[in-house]
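Structures follow.
Below, chain A partners chain B and then partners chain C, in two separate complexes.
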Partner chain A sequence: MDNEKIVRKEHVKNLIFQIAPIVGLLLLFGLFMAFAVIKDINIPYSMKNIINQSVIVVVVATGAIFIYTLGSFDISLGANMCVSALIGAMAYNRTGSLAVMIGTCILTAVLIALVCSVLASVFNLPVFVTTIAMLSLLNAAVLMLIGANGTGDIIQVPAEAVSAINTVWFKLIIMLVYLGICIFVFNFLKLGRQEKFAGGNPECARLTGLNNSKLAIIAFIMAGIGVGLGAFLTITYAPTLSRNTASSVGMDVIISIVFGGMPVSGGARSKIYSAVVGALSMTLLSQIMLMLNLNSGISQMVKAIIFILVVFISMSDGRKSILPR
Partner chain B sequence: MKSFKKVLVLLLSLLMVVSMFGCSKEGGESGQKTDGIDDSKNVKIGVLVADATGAEALAFRSYYENYIQKQYNVTFMYSDELSDAAAEASAIDNFIANNCKAIISFASADRPAQIRKCAENKVYYAVATGTLSDDEYKEFKDNEYYVGAIGPDLYTEFMAGYNMAKHYLDQGFTKFAVFGGATPYYVDMHIYRTAGILVAMCEAGGGDYNGAKDMGQMIGAIYGMNCQLAPAKIGNVELVSYIGGYDFDDAWFGKLAEAANNPETEVLLAVGSGLDTFAAFKRPEQKLGTVDSYTADAVKAMEAGTLDYLAGKFSASIGPIFMATLSAVQGKPIRTANGEALALSQGYWVATSADQAKEFYSVDSSTTDPAYTRPMLDKYFGAAYDDFAAFVGAYSYEEIQNLKK
Partner chain C sequence: MRTIVEIKNMSKRFGSTIALSNVSIEAYEGEILGLIGENGSGKSTVTSIYAGMQKCDKGEMLFEGKPWSPTSMNDALKHGVGMIVQENGTVPGISVAENIYLGEISEYKKGLFIDRKSLMADSQKALDDIGAEHIKAEMVTGALDFQDRKLVEIAKVMVNDPKVLVVDETTTALSQKGRDIIYSIMNKMKNEGKTVIFISHDLDEIMNVCDRLTVLRDGNIIRTFLKVEFEENAIKTSMIGRELQGNYYRDDYGDEVKGKAVLKADNLNKGNQLVNFSFELHEGEILGVGGLSHCGMHTLGKVLFGAEGVESGEFTIRGEHVKSIADAMKKQVGYVAKDRDTESLNLDASIKDNIAIAGLDKFAVNNMLILPSRENKYVNAQIEQLSIKCSGANQYVSALSGGNKQKVAFGKWLGRDSEILILDCPTRGVDIGVKQAMYQLMYKMRQEGKSILLISEEMAELIGMSDRILVMKDGELKKELYRSKELSEADVIQYMI
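The block that comes next holds the complex of A and B.
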């Protein structure tokens, strides 16, 4: 009887932790709407704006969930995206084809991700260590690409070339298709379960016969596709690229994933929808602070405090209690 | 009781007279002072910034928030620090969503994209402390939502560097170390200042730098070197060291220290951020000149003898572009006779002594009586182009003080 009570209590607790990010998102949306009405904000434009600002982070973070599920992380995502976007833009300028541009963006991002994960496998290093090295390499590559292109400190795709696809619907379709694929792989294929298992206990997974290196490589490929799509969407939104392009994406991805309720340690509690919930929550929070005209220092502090709170709460749901089943 | 009534009547009469006087004064001035400025409705103006924490950026912000916002019924919404074109586009979207009627931009990753986005959404757009390139101006000058640009044009930037170098060359100094700021990042403003320094050296030394002697040749030479300059002898004078970029790593600080510690170097010149770069390494016998802004630190440095030449933007220099923007928002745009957008140049205040710097700074940092006050700006609400251009053109400290009288 006592055991039953404990199990029920744990189930309730788990349920609360699972729905907390979604409740948080709904609360933020409610707050946003309330302030929007009070402050007489252009609501249709704001909605479009929220989608525009979230979509790239959602796409990149959704792919990155595969890496985070393994209990690892990649700090070179932003730099990868920048390199992919630059090469994609150069490919467009050579061929004039959007298909070539999107293909190049994805191919470049996947190749970079593959190099990263294969290096980790070959040298048997923790994946995040190779991403640190990769970050330096990619930053150098950005400078070389811009220098080699010979167009000053920018690489530009003509604005009119991408204006037709710089629409909310186009971005939503790309996001939903990629999200659908990731949800399917993560929730309905054995690969997703294996990733969660390996993330929760890599040693146990290895002894069970799972190939952790193979799982890491697949995770990086999935993330690479997201980064490539993110690079393409970045060009679509702002076709002037510089060495600072996507410089904040890496951090935005980490914050979004944590905001969305993803456990920092990965494993069985990993959720593919964390990226969507987190990115939207973060954008809504930024919009609310903008409506209140808080200066960027205060808004950064608010975000930092909320970030720490979210991590603290998610950690308090730790493994000291029973494992989720 | 009677005396109380008398006092009351007297007081009320006095109040009425004062009120009438006040009204007549306001009315009299309002012909010039407000002349149609609608202070009844709050106007939201978005401000795009590429630098949110630099001393110059903070001084500009202080002028808008602590003076202009208190004087006019306007609200400034500031962006975060914008590092690329996507961040700029995103910030503009934020401003549009928040019903900003105009955007004043200090960010330049992709100005054409900024203007297009604003125009598509019927939001006025103005460039503060900068200019558009000739091609960009040609593209947007007829766009009714492009208010214009007020700031140092590229020739003014060139002359800022030229005059700074000449100041020391005229004193007989011949060995220079130069910090080229954002020149390696192809930032025109810094390229032109650097070119100005080199041309002054060519003139004084009787030589050339990579075959270039005048402004056009020098700009070509700098671009020809992919904006990566190198030390060189220029006739009788010498560019002993050259450092560019803002790496802020140990190697970069090492290069700055090495340049300052070179016993040959007599003068350290910075096209920007001289106090953040050379000042820490400068030897007492060396001279330091910079193009920067008037801050408390700069004044202290001049008093201490660390800095002895400062060409600085003054924070209220962004007053006229605010007035042009407000005029446009309230239906009285200031355009050329052909209906084109503003493209007006504004230069620097140059201080060569601590007293001068102190005097400039006290005006520049004032939030009650800055260089451009409301009464001065109000005269140019919806003004004729020529009057407005003359007002902007009279930017020197002395000219502005005369305008105040």
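The block that comes next holds the complex of A and C.
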């Protein structure tokens, strides 16, 4: 085999690793369509459901890519989203303004993310350590907020207040705008390039003049914006909020990002599209399992197995370091 | 003599790169066999396969006449083949003793617990036996410097009393004392009828130490020299496949440096690494800094780049203080670290990523927006200027040979047109072809009026390239020597020790 052929083979191998998540998504979509036809399921209604479910995970996961790129992760994303949604709902109930509600959601989520990253920076701790502490604090905050301001175990926004914006198109527009901004920042701004480089080797990044703490803080702000938007979309989709709101989002985001082809170790191979592909794939998978009348326990088990398989395969692609920082 | 190591028709590929092509090597009992070749020639690959680090694609291996296929480095070591690797092979977060007995801790089990007393005692003995008494078995490995971590690795291998020892480029990381330890181990093994395979880029060293010398190039065996056939130019020609053109080091003498001082350090103090250290670096000057590994010269490089602070004293670049690394970069200072793979490069990123990251402010529109065309132009210029052997700018740095990795590390700083370059052991682990290219580049930069602080543990390099040499000992400036034809290694060494 001559050298040119070997180079081509190597190129093809890399390409396969890159497009495998997209092929996986297409396969799942094919399966979904096949089962929908066989089981005579209302496809437009199911598609609407899929979009409703996946949009929130796509938005939150897209922001979270900035954190994962640094080789870290945030376990408190779901709790942050719950608190932000609760405070956003309370703000709406006080003012009656949707603009105030979305602003409050984003501001709250960004502030929480900021506290997390600044604390890690001040105490020189790995960021995921502070997110673990933040998870406890936020869970306590959820109980306090509902206890002090809720009716029974819930905080509610009048359904008619959000019915006008509870449309697939509105959610898609929010998702696409945020996605576009993130893609631009990630791929075409100096900041995105620095985030990817620092994720691969923080010490080398430091010795190239990059400020790792500052980059971590910015990554958390970007993720915070996504969480805030996710909180807002959650209210529009389900205006009755409880302590269980967004409880599975944190895990869904992790699984989606990995399933979408994002290396767990972060770094230069990170891609924004991982969030979109992964979130859509996971939602399709859930929908397929629902069609097969599998209960949610089995569904979670299948996701867990897929998660381990994907991490295993990605490690065999030469991504050795999978521990978070 | 009995053949101990036999490698027959070994081939190995890494993706598109042919690392070994039908390589056959034999090593006998009671000999030190040298392996030499340019970066990427296959030396480390063939020995690492024999030592159980990886598998070959094709070929046969024998050890003492029997088929040999170790499943891991530990397996190879247990059965008599040990290897000391080029880069760091210790686990930083555990004690020295645990590193020495890594994988064998269970032998120290006493019920549910580990007999730490025996573990520590045996480990300390292992360290003492190789002459590294200054390292204590209970110390955390991460707290040791690069040289001492290397000595821990040597102790780890030697405690298993191997019949075959592979020493892969280890001496480049060691001071003279460390090198002496390795030489004494190698000679002891030879005298006991054991076998040593020694890989080094240092031709003088390898010619002194080895009984035979095998030259590899591009994954092929080129020639094996017997001791009586050792001749520097013949070996160099075999290594690079042509005669070295031009000078190795610069050959000008008496060319006085007249440029103004661009970097001034005044009474720098930092523990025992820098003690009242003052000097000036001028425009168009190569200023060498030499000393033993612990003398503080590596700390000096980091301090001047703003990566580490000092307890007292100050330094200025063109009259201005340096507040941080980013500030040093703004003042056109570049820094190539000694520890290339962890400090200078992001191995899991492409050549493009590595070169571009230091120059974002040079090609990004409004210091913010990255246009692919401008980025590619910037990166490709460095690839061409430095003749980096690669399949393209998007190739991952981890797939490059040592010399080409070092070129990428240079490219980071050349691309942003650094006026002052701090080079910490810039030719460590680099073959003579790349070395010569780097020396020529350094000289060219000097002629362009740029300033280079050359920190090096290689005397010949310091003497051959520097306009002045600052000799350090225990953080102090012991002597300032000027470029001269008469300057010898002995002249420099006497102030180091």
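Things worth noting here:
Here is the rule we use: the second predicted complex is superposed on the first by the 307 of 325 C-alpha atoms of A that agree within 3 Å, B and C clash if a C-alpha of one lies under 4 Å from a C-alpha of the other, contacts with A are read in each partner's own complex, and residues count from 1 in each chain.
Throughout what follows, contacts are C-beta pairs under 8 Å (C-beta built on N, C-alpha and C of every residue); 3 or more make two chains touch, one makes a residue touch a chain.
No experiment lies behind these values; they were computed from the predicted model shown.
Superposition of the two complexes onto chain A shows chain B and chain C fitting side by side, with no clash.
Of the two partner chains placed by superposition, A:160 touches none, neither chain B nor chain C. Vertex at the C-alpha centre of chain A, arms toward the centres of chain B and chain C: the angle is 140 degrees, rounded to a multiple of 10. Look at A:204: by the touch rule set out above, it reaches chain C but stays clear of chain B. When the two complexes are overlaid on their common chain A, residue A:42 makes contact with chain B while staying clear of chain C. Within the superposed three-chain model, A:194 lies in touch with chain C and out of touch with chain B [touch as defined at top]. With chain A fitted onto itself, chain B and chain C come no nearer than 29 Å, counting C-alpha atoms only.
Overlap of the chain B and chain C contact sets on chain A: empty, with no shared residue.
On the chain C side of its complex with chain A, the touching residues are 13, 15-16, 18, 305, 307, 324-326, 328-329, 335, 337, 342-350, 353, 356-358, 360-361, 364, 367-371, 391, 398, 412. Looking at the complex, you find that chain B touches chain A at residues 52, 75, 77-81, 83-90, 93-94, 96-99, 109-110, 112-113, 116, 121, 185-187, 226.
The touching residues of chain A, when paired with chain B in their complex, are 39-42, 45-46, 48-49, 52-53, 147, 152-154, 159, 234, 237-248, 287, 290-291, 293, 295-296, 299.
If you check the complex, the residues on chain A that touch chain C are 3, 6-7, 9-10, 13, 187-190, 193-194, 196-197, 200-201, 203-211, 265, 267-269, 318-319.
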